[in-house]
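A short write-up of the structure that comes next.
In order of appearance the chains are A, B, C and D, and numbering begins at 1 in each one.
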């Protein structure tokens, strides 16, 4: 999880869902090139989004591709029953995602756990890697003895630039070249653009991971172009900036009062006139010079990151191996 | 670290320093019953406060007692040179604190590491306990063989109510009754009342730890009354509420504009008229019903908590044992 | 886990089972004052032993009391199906043990996890404590709201003398005095007297934990005499001395050849004439002066200690709370 | 650390030193093609061995190459003073080793930490990787701003086959192809062939890591042939088989009695006549069928592996970067 990577990734992926909402509100008509399915199961809201073409891409400002968002506010509560239900949905959604993306049932998979093992809110990728069922070596060493219902899956945690000295994307490229998977699944913790997404949301997208541009940036992505094989990214927002909290909250305050027929111009003065971007810029201007635009994570992140890592690993295990039952996905992880 | 405990502890201890500042501003005269020394050493600001009597206590609304605050904004940067300097100051301050509190050089000490080992921002106490030099058993088992310059020090981590089922204060009381120390030093991570205190401040006070009152509260304190021996509390704010971030930031925004000759009434509307408490209540009203008044901690808490734990352990080792040199305090911890 | 404690504990508890076997072989008649039940369930061998009186105690050289041994050689393999079966047996045996010891269904329990969190083979006690369902605080804070089928259970890890400076027994005594349980259950990792017991065996006894005598030993036990309430000890051998491995293996070699009609006197020379004790003394004489009588543990101890800790915690959860089903005991631990 | 790899690695590397000793004893003359330097510094024994050509290789049955062994029996005691001295020697020896191997001062280095993070005695490689100073990214991203006295160093932990599904050698090959170092330094925990080497010895060799042959073995090495760049291997024996302990001890017993003029044929019978290999085979025959040929590690492995990991990381930091002073090498690791 790096600041540049994440904010960029966010801009492209996180807001796919919201981009559609905003665009729909403006036009009140179906958007061209955009397909959206939403459903809710007792506190679990799932949105499947397909940006089908350039028209759709321009309409909402997102890359062409498939996106899934699983939103579960209750994930913050550490309830194991909810967790099991999310794992089951994750498994089904991921299976469907693979089908629609025409990924073959025998396709060889490399799971890449991005992030830093030693930074709890950034340890999601490594935790998922620890808990997925790995089978590639059985196919390599004793191909005739592998039980039916499994496919070759491998899994690595490439570390982060600051501790390896090598870009994760370079490490992954090297491993892909050697181990020749048909598909890469990359898991990463994300910086959230909104307070309500933190520790509540799983995002899946087939557009890969694009590090930030600008600042003479030389960093490479984990994308089909870079690796030569398709890349599905799974992300969970686990951190956010103090400025995001402030800006979101002012919005919530404004909505709250508007709902109560408050005169927001009177109460919030010019703050109420600013666009969201202007206000965020103002907030940052105040916090950053004194070092207070902290990147923060919920206090109970240790427990959350273990739980969500297990949910994603369980979901992947069931989605990738037919022999693992999606109704009992949690049994294969610790 | 528990919410009730912390907020209460904060109200009493965290603000000792600020309470003086506020009271001083109002009167522009020395406060009766309050003694204050402050000095700064290249980014390390140390304030020694003595609330000498009821007059002083009433003037600033704090318990009678001694308070030290070590403020180091650079502690957020993970710079080992700064950390070593802070450990050395911590050692000197703590030694002076013991002297002024008339704690004997041979006094037997029990160090109590409050908090939850498995919750990183709450693990400060247990980490300090892991890194202090423990000697009591040598005095018990082979009293004639202990080298000069040491005193009997023991150290325990009593756990938290949610995982033990027993109040920390009861556990500590039992251990005190059995092991009979002359002084208890209790270390705890705290919830911060301000964004600028998080991961920057060490607080020392001889008033003990007082859990929150209200809500039919039956919880007991870790105090001289409860334990029968003096209690020195060492605290570090490591978490804060989203509402604190928002409220602090609005203040910072107002100060920022006031400094730039802005018309705050125009810009902030009625927000500018509210008292800090009213604004905080408003912010909470908006965030709490939707579950967004998150208790958060900086993303790099894993590294910070290790570092500050070592600083405090190093400081205690040098302050408690003459044989450990305060100029090289860091060598005795991992 | 300390050397003195363990060897003593071993001599008294570990060999209860073997003491009976040896005594029975000699007499070929039922031993007076000894009751023994054994049964095997597909690789899980359970022995219930009751030393009823002084006659029985003298016959086998063990304290009067109840002993259970659960032996599962397959525990070394990390098979989760076997682990679940052992947890279920553990629950049933422990429930029966409580009944026969006349422990009331409402008896308040304190679980004590002895050992050192930072030494993997000694971390059994703390791991069990982390995974038991703790309820005492609910009974204290809201006695009318506790669901039926639970009893008050608390759990603490007192640490070890070397890191706290206080005897575990003193810490436990203090906590017992304050929290007033009706029964203490103490869990500890043990040094094994035989290679076949390491990482295969769970032992339960109601005779408490007796540290070693001799060497001017001042250490206190965790016993009914010391604490004023009954103590049930649960132990798992996780380490053993190099000398034990050597001595055991020479025995296995002798048995192996005897079974193949070998002339053991010819093959083993005088080694074959020595008593087991003489041989062990000889082995130690050779290894100890050069520092090679290492205390060792199996290489995969990290995984084993987690697994066995979960088994014991699961078993205790089901045995102590009627509301937790012994057929699904594993669900309540991580 | 895998059994096959290790035993093979051991046969080739571990015994270089002993092979010379045995060969020297036989001939009592300098061996052709073998250069050996030994010196001792207060409990630290260092042997530099150079197998110069095929004649030397055949004389001692080791590959042509350079070998260093640092033997420190006191490493088992956890003494920090000894550890610092070993780190300083390690730094000097490694620097000399690089010089004699004609590795350029600017050569780009990739440090590879083999082994399994979650298996304590196998975690040496990952721990070293965590503690080395990594600089390659500075050279890549801002080549003009790197302070003098550093060279490009990167570091990765490729994981183990059982958890990644990919051979470590394949992962390393991929990373080498992408990041193009001039030299690979591979660190691994080893299985010891003798009880006295466990947790006492650091071995350095420029012959790479050769996994075992036999059993239709398809596993690839981490060698110059495989990677295209030179490979220096650093190994520390941290585990050993029960059978090794037994066989070593019987030898120690025989030597002990021989030194005391014992009649070993009388005392040990035919055991005394067997060759070491025959006796080991016998021991294994007895232990393996009953599952008792345990692979074990000293009980205090958690502390040892941290300490030795820091020693090696400190030594590498000082040896690889001129700016890091070999007299104060420990300051750069945690």
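What we mean here is this: a contact is a pair of C-beta atoms (placed from the backbone, for glycine too) under 8 Å apart; a residue touches a chain by one contact, two chains touch by 3 or more.
Molecules present, by chain and UniProt name: A, B, C, D = Germination protease.
This is a predicted model, so every value here is computed, not measured.
Engineer: State the chain with the largest centre-to-centre distance from subunit C, centres being mean CA positions.
Structural biologist: A
Engineer: Between A-D and A-B, which chain pair is linked by more C-beta pairs in contact?
Structural biologist: Answer by contact count: A-B.
Engineer: In whole angstrom, what separates the CA-based centres of subunit A and subunit D?
Structural biologist: 41
Engineer: Please tell me the distance, in whole Å, between the geometric centres of subunit A and subunit B computed from their C-alpha atoms.
Structural biologist: Distance between chain centres, rounded to whole Å: 37 Å.
Engineer: Name the residues of subunit A that each touch 2 or more other chains.
Structural biologist: Residue numbers touching two or more other chains: 118.
Engineer: What residues on subunit C touch subunit D, complex-wise?
Structural biologist: Residues 73, 76, 118-122, 195-196, 198, 239, 242-243, 245-246, 248-250, 252-253, 256, 265-272, 282-283, 285-287, 290-292, 294-303.
Engineer: Which bits of subunit D are touching subunit A when the two form their complex?
Structural biologist: Residues of subunit D touching subunit A: 117-118, 129-130, 134-137, 140-141, 152-159, 161-167, 170-171, 173-179, 218.
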